[in-house]
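Next, two complexes with chain A in common: one pairs it with chain B, the other with chain C.
Our next item is the complex of A and B:
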């Protein structure tokens, strides 16, 4: 209750003239962006097919958000988030197709199953670090995919299940697409808002602190395991929910290529990293870029010179190549890079001294590795010389 | 009785092939501290290098064997020099990059050759009676070659200067630096050796099951299981782990369901990773 009061109070303060002027421009950009998405179908520029692709991209972005929520903030690596999307999507699809359960109930069940999967996944992950954690998280979706292939009758194997009943129906095909577009947009805004609020709250600060130093969090009397578990389970819920609704829209179905394969999680990872790791907003931007980049390549009608191959024929290769390049060029993330630039320009305009960045803009880990590397290189050079000398004698 | 003998021979051949993949993977992990997912791409490259030698250039399968050793070795070294080296400090980015390389290699061959699996000629025809069981000469050769490579790697790591350098780097980078081991050359050699082993495994899988674009991922995943089981960075552990996983797999696949390929290995690995993360021969301190 007190939380709500303070939130209302906060909003009231923000909604005065001075409050509105003081709000950073990026908030207005975000609001305008969502308003733009909301009015886009009524401008008539969007045909039905386009609308379906937009709908699918919204779910992709929800998954990016759910991944960034746990990995970008608490720093626990996860290559296995597709497990949750599939848990949500397949649960509701199987319930609907085999047992004709209402989609709304199926979605709730899917979300619960995804949350349970998140719990089962997060508990062993607490004990693991580094490479072992990475390997561990890679496995569950791959095992699940194999199990799906084994129980082909229930799960549809590699091809996936046919479309279950839609969650909402609105007469004609185009009206249906539009209804689903708005449903998905509302869900996207909802999930974005939830993730944004939590990561900007005190809990979010604790998540970030866990990423930087678990010992420090522990010494402050907080239990890092509890927060890591919460982050993972909540993220699994968000992802599973998005996956469950996704299979009931005309844009999606419960199939490995859409929910479970290695390529899916890689696209999500890269979207999050390119947009800006641990920012949520960056995930939205990166999600749009990656999804629409993929779509553009798939439908490109240009032909590549020299080797004379139509681009659409080798779209997957080009797409992965582009992602690889993006990973090198934009490893910092578009949004963090942009904020840094804006910050620099603003300080110059205001005539302030540029604020010294204590760590040279690097993360703590990078600096540690960097200093180790230097020390090690120095040692090596010195000793290689000494060793050579001795051998000559 | 004959059934058991058949089972044992199958398990031995399969385990030897898995050991080839796992040794390279674990060596790279030991020396450079990275999970090289592009190792799966080296398997595919090896299979197709041999296939092109035989099919397109009309050479004998033995030239194919040579190609399956050399091409993936060069491929692996290039992967390291071009893609991995600039980012080797960032574990997550390395994993993502190498997965992308794996996906690109797979789709490259899928684009050219389609999804059909291509046939490689057998290394030798006929079969030999070994008393209790009759085995194809081809399988005997696979087994012998795999073991020659495994022993060669053992000797290389334990008896040569470069090999000892590699071993020392995986034990303690600082100690290795103190005695003048060149990290760059050692790492490149490791990638080359690992690539050659993976390529050879690719050829062998190709000979027994056909060469296809998606042949790399399954052995790679099983190599994960083996490496986790044996302890990361330990060659001896990998060979033993390969035999445990290979035997388990042969037994489950023949006795229960052929679609179980990989599931048991991965299940065992999940248990190991939770119960004893450093594996049979790993050192506990290395989990950090």
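Our next item is the complex of A and C:
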């Protein structure tokens, strides 16, 4: 109720001239970006193949958002999100192929199975932390991959299940590609909006507070377990839903190489960190860069001068090499880095002191190292305390 | 049961209403073979400021952790406002009107002071629009001013001096609007001036109805602040009474023998 009132009031304030001028430029950039994607097919610049690749990239970005939603905010590290994508994608594909279930119903079922898979991580995550949790989540996708190979008849083994029925269909091949492009774009915008709103609300602030100190969150009268569970399960649902729809588009299929293999999660991780960890928006940017960077390298017809090797032959090598460099020079991610530059320029122009908390001023790595340091300090403090106690007795 | 302050023989305070806010009954906490708290019983009256004293390692923080639900007691009972709250999770205790500060601070290093404090006012609904539009931080700012962080609103915790960190701990606790506040070693490392100004804050809050348990390892900063004190050593209660009685108590002096001054 009061939420709705504040929303209306806010919109009314925003939709005045001063409100529009006062809105940060990055919001306009984001809106323009999505509008650009919406009109792109009608410019005639995008051929069918291109459209299919764009469509696939939208799903990749939805997965990046799903990953960043839980890992970037609550600090529950998962290297096993592919389990959710596969849970969604394979559930609906198998239901459709083996039991002729309608894709729309299959997608709902896939999302539910993904949510259950989310619980598989969420519950141990209440006890495990950091590296232990990361290691724990690394295993289920590997196990699932083995199981898929064992039950090849149902799952199609390493080839996967290429042809479940499409969710939507439109006459010609190109009209079909376009329809799926728009469907996927709408889903991307929807998932982006949901993740954006939640992470910018109080819930997002509680997510990040959990990452910083669960004791502080509890002392504020909030139940960390509730938020950790929600973040993981909701993330699993977003990822599983995207995976489920993906296999019913002409761009995707239920196959290990698209949903389950280690390379998939590695690219998602890199996209999220390169774009800006724990920002959602950075994930979108990083997602596009990583997806299209790799695609460009794969199709590049240039030859590398000195060693005389065609770029396309060593595309993966170049791709990972480039990411390695990028991660090293821009560990905090592109967007946080960019905001910091803008902030610095703006404050200089206005002649103010730089603000104490620039967007994403602390990098993920720095924070990780910092938290290890605090933990070490605390342990040492406690241990010396205990040591002195013993000496006294 | 209606134990009256005067019946304990210590005449709690002129402020106290005589009603029990918190009662700890035969509390035991063991860590493996080590008994950190041993059969500890005491009570706090509404609007009282109770001093909770004992040498380092006596079990004061552990007692707080058991009351607040951070640890489950091995045995014993905690009653808050006539309700058995033994072993309830900390966030539930907060909703029942209890708050605490930590001896080793628990700031959120990624955000400024106001945002640290406004966490205590965050909506606990998962799907909420609260906080989306800058949010109303006014209440949090008010609390910050109250504890003396008015000039540090937009600093991050690592920019605060030691005394500021203690104030931040207090602000987060006070922002939950508690009836009972457990304060763990607030005076450690503070100058006399700082101790005095914090004491004034506690007394003001008490006038407004809050109840306090204040831990310290000696009487130094507490003498003028507290109405009554309990002293523990090796997890057991060794004395209880007015501040002046405590400093004269022989058992207490023995407990501190060879160590620091009471």
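Heads up, the rule we're going with is that the second predicted complex is superposed on the first by the 350 of 393 C-alpha atoms of A that agree within 3 Å, B and C clash if a C-alpha of one lies under 4 Å from a C-alpha of the other, contacts with A are read in each partner's own complex, and residues count from 1 in each chain.
Just so we're on the same page, contacts are C-beta pairs under 8 Å (C-beta built on N, C-alpha and C of every residue); 3 or more make two chains touch, one makes a residue touch a chain.
In this text, all values refer to a predicted model and were calculated from it rather than measured experimentally.
Once the two complexes are laid over each other on the shared chain, residue contacts for A:230 go to chain C alone; chain B is not touched.
By the touch criterion stated above, A:170 is placed in contact with neither chain B nor chain C. Residue contacts after overlaying the shared chain place A:269 against chain B, while chain C stays out of touching range. Once the two complexes are overlaid on the shared chain, A:186 sits clear of chain B and of chain C alike. When both complexes are overlaid on chain A, the residue A:31 reaches neither chain B nor chain C. Legend: residue contacts after superposition of the two complexes on their common chain; A:143 is shown touching chain B, with no touch to chain C.
By the touch criterion defined above, A:202 reaches chain C but does not reach chain B.
Within the superposed three-chain model, A:216 lies in touch with chain C and out of touch with chain B [touch as defined at top].
When the two complexes are superposed on chain A, the residues of chain A that touch both chain B and chain C are 370, 386, 388.
Interface of chain B with chain A (complex): residues 29, 33, 35, 83, 86-87, 89-93, 95-97, 99-101, 103-104, 107-108, 111, 173-174, 177-180, 182-183, 217, 221, 224, 228, 232, 257, 259-263, 266-267, 269-270, 273-274, 277, 287-288. Residues of chain A touching chain C in their complex: 3-4, 6-7, 10, 197-198, 200-206, 208-209, 211-213, 215-224, 226-227, 230, 355-357, 362, 367, 370, 378, 381-382, 385-386, 388-389, 392. Those residues of chain A that touch chain B in the complex are listed here as 77, 79, 124, 127-132, 134-136, 138-140, 142-143, 146-147, 149-150, 262-263, 266, 269-270, 273, 313-314, 316-317, 320-321, 323-324, 327-328, 331, 366, 369-370, 373, 376, 379-380, 383-384, 386-388. Within the complex formed with chain A, the chain C residues making contact are 55-57, 70, 89-91, 94-95, 99-100, 102, 104, 106-112, 115-116, 118-120, 122-133, 135, 154-156, 159, 172-173, 175-176, 259.
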